[in-house]
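Each of the two complexes below includes chain A, the first together with chain B, the second together with chain C.
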Partner chain A sequence: MKITFPRMGTSHIAITDLLKGFGNEVIPPPPITKRTLDLGTRYSPEFACLPFKILMGTYLEGIALGADTIVSSGGVGPCRAGFYMEMHRRILWDLGYEVETITLEPPKGHMRDLIKQVRRLIHVPLSQVWTTGLFVWRKLELLDIIEERAYYLRPRELETGSTTRALRKCLSIVRSAKDMEQLIEAEKKVEEVLAAVPIDPDAAPLKVGLVGEIYVVLEPFANGDVAETLGELGVEVDRSIYLTKWTQENAFLDFFRIPADRDAKRWARPYLDEMIGGHGIINVGETVMYSRDGFDGVVHLAPFTCIPEIVAKGILTKVSSDLGFPVMTLYLDEHTGKEGVRTRLEAFVDLMGKKRVKEQGVAR
Partner chain B sequence: MNVFLGIDLGSVSTNLVLLNEEAELIDSIYLRTGGRPIQAIQEGLRVLGGRHLGGLQVLGAGTTGSGRRLAALVIGADVAKNEITAHAVASLREVPGVRTIMEIGGQDSKIIILRDGVVVDFAMNTVCAAGTGSFLDHQAARMNIPIEEFGERALRSTSPTRIAGRCSVFAESDMIHKQQMGHKVEDIIAGLCEALVRNYLNNVAKGKDIRPPVVFQGGVAANAGIRAAFEKALQVPVIVPHRFDVMGAIGAALLAQETVADGRPSQFKGFDVGIRDYVTNSFVCQDCPNHCEVVQVIEEGEVVGRWGDRCGKWSASVTVPTRPKVPHWVEGAI
Partner chain C sequence: MRIGIPSTLAYYEYFPFWEVFFQELGFEVVSSPTTTKAILDWGVQHTVSDACVPIKLVHGHVRALAEDNVDVIFLPRMVRVAPKETFCPKFLGLPDLIQASIEDLPPMLSPRIFLRYGRMSLFRICGQTAHSLGASPIKGLRACAKALDAWHVFLRSVRRGMTVAEALGIRQRMKNTVQGPRLALLGYPYLINDPFVSANLLGLLEERGVQVLTAEMAPPGALKRLSRQMPKNLFWHYSNRVVWAAMYYLDKGMVDGVIHVTAFGCGPDAMVSKLVELEAKGKVPFTTLSLDEHSGQEGIITRIDAFVDMLVRKKASA
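Let's look at the complex of A and B:
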């Protein structure tokens, strides 16, 4: 059994370790390139969203590298993404690739099925499952911290691009850590690398919240490097979704009926009191919260044809005008030309900058 | 004479303007980009330089449009700004209290909402080019009507034909159908103007709070039929600025003037950019699986700019840009 899985942001670094630690042979998903997108688009329904098409391409590239089994997560709430693994499987089988698929649904309501599926992935004693789990979780946390730190550093860096270079170096340090001891060492090295980026400590950059559908928020290829572009335009980005936090909330806390995202849902209530699938309601709530927290604006990332995000966009227009808070939706589809995204982001940054100058009289 | 140079390098057209120190328009030139942006800029500079024969001192230069960064590199601009900001700055100068700007160009269209002289909201067309200049051009050619007469003939209609406006392909088949049914040409083109306006208001301007004064600019503002259709749909007067066709370039020149207001010398390389030798080429970097397409601009045999690489190693090999002391968004703050 050779396993591959979707690539999303930096998570593949730790997921590869997880599956290997459980005794599997792993084909790490190759980086997403234009070729991935070409392949995925060719074999996907035309109206499917960008994440579906990218995953389709990733699976085909993984199969070409020898994978015969695909692991993916299921969906939360009424969003068609919950059916994607099955759709992908049928398309792959039609193409003659009779791969095994393993879908991990959130524990709530699917506990028995989840245990059954996870057992297919475990080929080592329970003690090793435990040490692998702890190691991988800590690695995922470190990966999230690195990205979060990069969002802070980028608008303050003195030399454009130095944060991004440091970020790449950090990722390769984390990738090479093979056990807990090496990971603790890596945490220290990462700290040194990030601390060495020269910054302007007095800068008061604009602050923007990034909300939207999880895949396009986490995967830079899918969003045209929106976080990096904003950072280099002098904006500090706060991402509403991190994989570790999201997993905690949707897999663990939700199972014990602890409503972890209750804040977002509470703030969304005046506008939307219904689970509309995907991240719709959370995005509305998070936008209200960003406004209350003194941010300068929100960028909302939506895959073209994504129903939950289309609904959220309509509501965000109202939120924006009620609160006098700039919100911009970017629809993401197959185009890989980044100029269109850049133009809109630049104009949005100008808008927020002038608003701040007007309201506070000073820029910094 | 002391002047400020503004260049709007768009996908269809390239516009250059010269403003004097009082921000009055001295000269302007409109060229087709024709897929060769650097050549278009060079030709523009040659023509402008030739008209004023050495009598120009450029105090500041600005660029805008989708090719603004390429243009900035080639001419040595002091500021390169997005089209939204450039159009807003130019429009505010012409109509100080403007609260809505509608701009329709060759390939794109946008709406900008302002309150108290500040941009508060904007949108650009995303996935569809219906309702832009190229589509009008195409339909005028198909019906054998010179584009210059298109608008006037639309105004002669007393009973516009209903044309589907959601998509340019649907609009075209609907137009052909109506024309084969015997509708008058004037009624069909008036109907097309209304369909285009409906499409703009339902797509680009969706959810936007349109309030007067409304300014209409961009190449399509030349079309009297579209202007009339907007006034009919919005029920407010629509103001078309005198130089509606070069507002982006005027905005770029005004932003250049603001940028050098602190007395810094202009980076402008001079009108002889028009006779220098420029080559652009691209290669696919094979160093990692991203296979980025790297574009490079070569001036007189020397690489002056590179971009397109995700990792930044090619672009960084040319210049190491340092961040200016003031965040760039403060430039041009009103």
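Let's look at the complex of A and C:
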């Protein structure tokens, strides 16, 4: 059994360790390139969203590298993503690739099924599962912290590109950590590397909240490097979703029936009072919260044809005009280019900058 | 008091119910006129740009009701009517979306239709709705029972082979003089039965002697059994019915071809269309007919003629 899985942001570094630690042979998903997307687009329904097409391409590339099993998440709707593994399987089988699939459904209501699926992935004693789990979780947390730090450093860096270089170095340090001891060592090294980036401590950059559908928020290839571009334009980014936090709320707490994102839902209520699936309601709530927290604007990332995000966009327009708060929706599809995204972001940053000068009389 | 019901989306499944319900409570029920170009154009201009045609349409219909000076617009929030499925997220957020996009609307009545306990929940919702309109909840229950009767009459005529449009009196009963090919015309009732958006698709097929089977005509019991054969079902009410009906008609060998009717930009249909296509593969010819705000009748005629001719020739050579 050779396993591959979807690639999303930096998480593949830790997920590879997880599956290897459980005693599987793993084909790490290759980096997402134009070729991946072209391949995926060719075999996907025209109106499937961007994540579906990227995953389709990733799976096909993984299969070409020898994978015969795919692990992915399931879901209960109403977002389409919950059906994607099943759809991908049918399309792959139709193409003649008879791959096995392992779908991890959310614990609520599917506990027995989830355990059954997870057991297919575990080929080592339970004690080792536990140590691997702890190690991988800590690694995921470190990966999230690195990204969060980079968002802080980038608008303050004195030499353009130094943060991105430091970030790459950090990721390779984390990747090479093979056990808990090395990981703790890596945490220290990462700290040193990031502290060595020269910054202007007095800078007061514009602050932008990044909301949207989880896949396109986490995967830079899917969003035309929004976070990096904003950073280089001198904007501090606050990302509303991190994988560890999201997993904690939606998998662990879900098991105990503790609802996630209670704050965001509360702030969304005047505008949208229904779980519309995906991140629809959370995005509306987070946008209101960013406005209250004194941010300068929100960039809303949505895959083209994403159903919940279309509803969210319609409502965000109203939120934006009610609160006098700049919100820009970026629809992302297979034709989105980094330069196009950059142009739109530049205009948006200009707008926020002028608004701040007008309101506070502070020049950037 | 005049209650306005937009004649699109869930209208095509539940209008006979709500019409009798509100009439029993002593209100006047007004439905918006069948779709016109003006209604569609207004919707296209005022809806969030990436929405699908049906969502743009409902904006236009709500506007038409507001212009008709109805006292209340009734737009229920359709959440769940059968276990383990829900409606498309656009349906779930629809009342909020409409409120955010259209200004100066008459008050909107949007009860949350979530039938956790089946009929029990329906009676409760009807009682609450009656109360919010100033009628007694008990009267609401009685109206609900009457409305259910009327709705079952509607369902029965659909299951006997009437299209929804015929059962609602939007178009005349089909009379098939020629014994043409039998087609499964699968798609959401609010597309197929809307004479304007579908460019009179049912009429065009009738003229060509095609016998049409729609998703609503398939017996619900058989569909339920088929749903258990699926490794995983879709999440959406209308989509599930389309996929199950496709499996039903294909398993029984009842049709010579399948047409999937979809709206441009429909999210769930990206999945449905592929599923139906894979189901039909190797059995009968399949085609997708995509409708949007610009689709003219000419384009649709060309596609139907090509498909129907092919079926006729295939049948003759077999």
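General remarks:
Keep in mind that, in the parts below, the second predicted complex is superposed on the first by the 360 of 364 C-alpha atoms of A that agree within 3 Å, B and C clash if a C-alpha of one lies under 4 Å from a C-alpha of the other, contacts with A are read in each partner's own complex, and residues count from 1 in each chain.
Going forward, contacts are C-beta pairs under 8 Å (C-beta built on N, C-alpha and C of every residue); 3 or more make two chains touch, one makes a residue touch a chain.
Values in this document were obtained by computation on a predicted structure and should not be read as measured data.
In the overlay built on the shared chain, the residue A:347 is in contact with chain B alone; chain C does not reach it.
Looking at the shared chain after the overlay, A:360 reaches neither chain B nor chain C.
Touch criterion met: A:331 reaches chain B and chain C at once. In the superposition on chain A, contact is made by A:234 with chain B only, not with chain C. Shared-chain residue A:306: touches chain C; no touch with chain B.
Residue contacts after overlaying the shared chain place A:33 against chain B, while chain C stays out of touching range. Of the two partner chains placed around the shared chain by superposition, chain B and chain C are both touched by A:317. Residue contacts after overlaying the shared chain place A:157 against chain B, while chain C stays out of touching range. By the touch criterion stated above, A:94 is placed in contact with chain C alone, chain B being left untouched. Judged by the document's definition of touching, chain A residues 304, 314, 317, 331 lie at the interface with chain B and also at the interface with chain C. Across the complex, chain A is touched by residues 47-48, 50-51, 77, 79, 85-90, 92-93, 96-97, 99-101, 112, 231-232, 234-236, 265-271, 273-275, 278, 281 of chain C.
Across the complex, chain A meets chain B through its residues 30-31, 33-35, 157-161, 164-165, 168, 200, 203, 205-206, 225, 233-234, 304, 314, 317, 320-321, 326, 331, 333, 339-340, 343-344, 346-355, 357-358, 363-364.
Per the touch definition, chain B reaches chain A in the complex via residues 66, 81-85, 116, 118-122, 124, 126-127, 207, 209, 288-291, 310-312, 315-316, 320-323, 326-330, 332-334.
Looking at the complex, you find that chain A touches chain C at residues 45-49, 52, 74, 76-80, 82-83, 86-87, 90-91, 94, 103, 271-278, 280, 304-308, 310-315, 317-318, 331.
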